[in-house]
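In what comes next, subunit A is part of two complexes: it sits with subunit B in the first one and with subunit C in the second one.
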Partner chain A sequence: MATIITKEQQEKEKMVTLVSSDSEKFVVEQKVAEKSHVIKMVMNCCGIESPIPVRRVKGDILKSILEYCEKHSKGEAQEVMEKWDKEYMDKAEKDLVFFHDLMLASHFLHIQELVDLIAVTFAGMLKMKSPEEIRQKFNINNDLTKEQEEHIMTTFGWAFQPI
Partner chain B sequence: MKRKEQQSALRRRKKAKTDSDEQNDEDRISKLPDELRSYILSKLPTADAMKTSLLSTRWKHTWTSVTNLEFDFGQFPKFKGRNSAFTKFVNQAIITHDGLDIQRFHLQLYAYRSKLPYARFWISFAVRHFVQELELCIPKIALDKLPDLLFTCESLRLLKLDLSGNVLKLPTSVTLINLQTLHLESMSFRDDNVVWELISSCPKLENLTLNNCSMYGMKILNICSSELQNLSLLNCQTFSSCEVNISAPKLKTFRYHCSLVRKLSLEHVCTLTKADIDLHGSLYFVKRDKELSNRAIRILKELDNVRTLTLSARCTEYLSTAIDLLGSFSCNLRTVKHLDVAFWSHKSYIKVLSSLLKCCPTVETLSVGIDMTFTGYSDVPLKNVKTTIPKCLLHKLKTVKLRNLVGVNKLDLVKFLVKNAEVLEKIITVSKEGVVKERTVEWIKSRAQSLVNSNRKTT
Partner chain C sequence: MASDVSLPPEASTYSRLIAMQFMGTERPWLNLYGIRVRPVAAFGSVSSKDLVDPALIHRCLPDELLFEVFARMTPYTLGRAACVCRKWKYAIRNPSLWRSACLKTWQLSGPITNYQLAHSVYDGSWKNMWVHRPRIRMDGLYVSRNTYIRVGVAEWKVTNPVHVVCYYRYLKFYPNGKFVYKISSQKLKEVAKCMNFRASKTDCVHKGDYGLDGDLIKAAILYPGLRRTLLRIHLRVRGTTVGANNRLDLLKLVTTGVDDSELNDPNDDMLGVVEGWQEDETHNPDVPAISHKRGLTPFVFVPFEEVETSVLNLPVDKMDYFVTG
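This part shows the complex of A and B:
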């Protein structure tokens, strides 16, 4: 977890301050922030002395992302990480708005591992579901014309038969 | 006044509620950038990705820009005209694909029971789109020969090839300059050169697995690779006269789950840290043939740099018969720090274990398991192995894990360990049901003492 610590410690552990779009401050170790390719580039060119603004990401999302980065910078055993990732995703996917923002933010910050994890979870939500079920889950409005729909149905009819 | 305030507060709350409802009702997934939506669909089999085309106009073409194409005939719905519908679908997916590079292409035709010349076109399509990971299962009946250009694909980093028993035929020119991982499964090699030629055409090869391959056509299997780090030879069928020569200076892990061959040599291997050995084949001959017993021991002698060693129950059975037949057993496993051995339920296993431990004087963690799956010979009497528990000094052993050990088996081993291991700290037991218990050596000793005391009292 991102915690605020004293200035002496900050110098000792090479800490960096990140500021979310709603001005929430997070002080994390440099190696944690480095998990984001974008932040890494910013740190490389501007140093870690002054706080780095992450303008497109809100505090609650940034907090969750840093939690992920911190866990993934420890180099723990693969099975431990897989279990942790699953629990992290189970928690995140409960709130679709949050989950959606999490994906956008990790994409924006260029944390490929996390984008990948979220994409797999998203894909899991789409699998084995009929188009109608997916539309309901994500509030998708079907704006296809009758002709378009019929065209798809005749080309790939086999795919839409009930199992 | 108060009432007015309350009312306005209520109104505010109501408004807040409808705001958040609206937020929840919004179709957010469709508003994700195209790039992310096709990335999500790339995590699905292509048939599932295609189904999203029926969601809305925004989704209609998203599936055509996936970077992962995955076609599994076994997962395709079963109905009359299935074969042609599958072919048509793959063709359509390939024709409508937006032309971007393909990261992964997976084609599983195991259950396809007729000719499929299109497969050649599909594979070529993937190669022309700079595929990096190619996973193919192509039975002979569908396609007898893979397209030549597959073997000169520059973009390829991973190749998993399953030929369902068909013979691997290589074109005259093979160069896979970026290939790092190669899996060859369920195929047969007609001569000695095929594997050697393929491996020597992959200068960056780091991971090689041969699984369920028939090597009856081969006298020598030569694996020479300068970058190879992980090698697995699994369930391959060989003649016992076959020879396996491995020369890989960067080899780190080695798994050998095949039958005993005439000679297995690991040359120029000095970085090997992990080895996992399981020997296949009948034990019948081993019991009668000193040469075969010697072969089993020779394999261990090749592993003189290993830090983590895993031996299967069948492997230790080979060793115990070898020990029995040869009277003694010695090899140098001085670098082994972690030893994981399994035994068949066997009264004399402890003697075999102690012979083995004598060869591994610096072992720090030991894991012993009883493999209950075997139902063949039970309890082969070991004539020549001494019946008393021998002394075996273990100066470094700190942790022991016992899997599936019960009753006398467990008691004997615990006694043996407490007696011989000077710095042993704890013993962890894992039952068949997966219940884990951890005990310190002090606890075991005091428990044993109290048992002795109570026994005295009763007598």
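This part shows the complex of A and C:
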């Protein structure tokens, strides 16, 4: 009996503490943290005993990222994952600042799956939008000169689905 | 130590070395690590105002992440995004974006031919190739709307009524050399759902093989049934603007007979069967080769997004004829 408990404890002990830039602490399983290539490297060389500082990533972003990592370390069926991913992205998409930070952080932590997911979602946001709509959505200045614009319209006219 | 080993005087003590800044070198540029430097206006620029980009996306995302996003766009979204601002315009000139689009679209030609063509014909520019080389669009349906006038039966009336009859030919191509074809009087928005390989027999969607050579498409379909009939279609790709590729001219539509011995497997490549056949060649004397002359209106491309809203859905009393241009 006693040995089983210690084994379970050992399993449980494989937890690692991550500290965000605003010194919020997150205790997660090692396999969850391993989803990030960068954290995995840190754990490999420094061990998991001491808390790992994740500078440059704020608490709310790190929380969201760990939520993603946790879900994706469970190895559930693909349809379940896709549905969950979609809901996760729908939530993230609403706040552009958060969305950008999420992309930066996942890139910084080297979680390629998440970078892919976000980039695909991002590309989806731009799909079938006119340049003016894109500029408004992302608050981009139109710094093209008249000549440049005319030139673009002649070379990219095919992209505007002419009837 | 023996004092006869002559050392330069400044190397005599460790503290001297530190003082010389020989050990533990200062590397001030390391302090810049992780700090994004804002672009400054070009020297002599007239605008003296602060250059803060109002776009969050430009302030937050480094170029490599913006590229990740661009790499996941369809070429059509990419083309529109190029018109947004200068930064995006330059980012989208990246040839690897267009190379992947080209290799995907012309995957039937094989990568080696595509690379050779890009270098010999299109000055090594994949974007040029994308725009100027004729290609079949896969992101929608090609529709040919045909109308004809049929004289109706006069019922206690002096004048003979006439009916405008409208029917459509639908084509949808896949990158792997297969396509589906349907001829029907149903509207575009009803047909769009069943134009795929999973369509049931009752949908009358026929599957065939095609090949693209320059701007010419050769396609062949086997109609199932007791007397097997092959439908051979020749089309030419063109566009209403440069690079649009949104029209297919129907050059030839031939039904012809085929011998059962030539068909071993229903999944056979039909194009291979008719390879080298003459225009009026038939391999089954019961089914003569007929070149059809009716219903050859050019195909108009409708992207999936516009299937519901396209004018081609209009009934004949709203639009009796669609000038394809």
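Worth a mention:
Note that in this section the second predicted complex is superposed on the first by the 146 of 163 C-alpha atoms of A that agree within 3 Å, B and C clash if a C-alpha of one lies under 4 Å from a C-alpha of the other, contacts with A are read in each partner's own complex, and residues count from 1 in each chain.
To be clear about the criterion, a contact is a pair of C-beta atoms (placed from the backbone, for glycine too) under 8 Å apart; a residue touches a chain by one contact, two chains touch by 3 or more.
Because the structure is predicted, anything quoted here is derived from the model rather than measured.
In this overlay on subunit A, subunit B clashes with subunit C. Contacts of A:Arg56 after superposition on the shared chain: subunit C is touched, whereas subunit B is not.
In the superposition on chain A, A:Gln161 contacts both subunit B and subunit C.
Of the two partner chains, neither subunit B nor subunit C is touched by A:Gly75.
With the complexes overlaid on chain A C-alpha atoms, the stretch of subunit B that clashes with subunit C is 61-69, out of 7-15, 61-69, 169-177 or 259-267. Judged by the document's definition of touching, subunit A residues 96-97, 100, 103-104, 107, 115, 119-120, 122-123, 126-128, 131, 134-135, 138-144, 148-149, 152-153, 155-156, 158-161, 163 lie at the interface with subunit B and also at the interface with subunit C. Residues 56, 96-97, 100-101, 103-104, 107, 115-116, 119-120, 122-123, 126-131, 134-135, 138-144, 148-149, 152-163 of subunit A are the ones touching subunit C in the complex.
By the touch criterion given at the top, residues 96-97, 100, 103-104, 107, 115, 119-120, 122-123, 126-128, 131, 134-135, 138-144, 148-149, 152-153, 155-156, 158-161, 163 of subunit A touch subunit B in their complex. Residues 34, 53-58, 60-62, 64-65, 68-86, 88-89, 131, 239-246, 300, 303, 305-306, 311 of subunit C are the ones touching subunit A in the complex. On subunit B, the positions that touch subunit A within their shared complex are 23-30, 32-33, 36, 39-44, 47-48, 50-57, 59-60, 77, 79, 82, 85, 89, 92.
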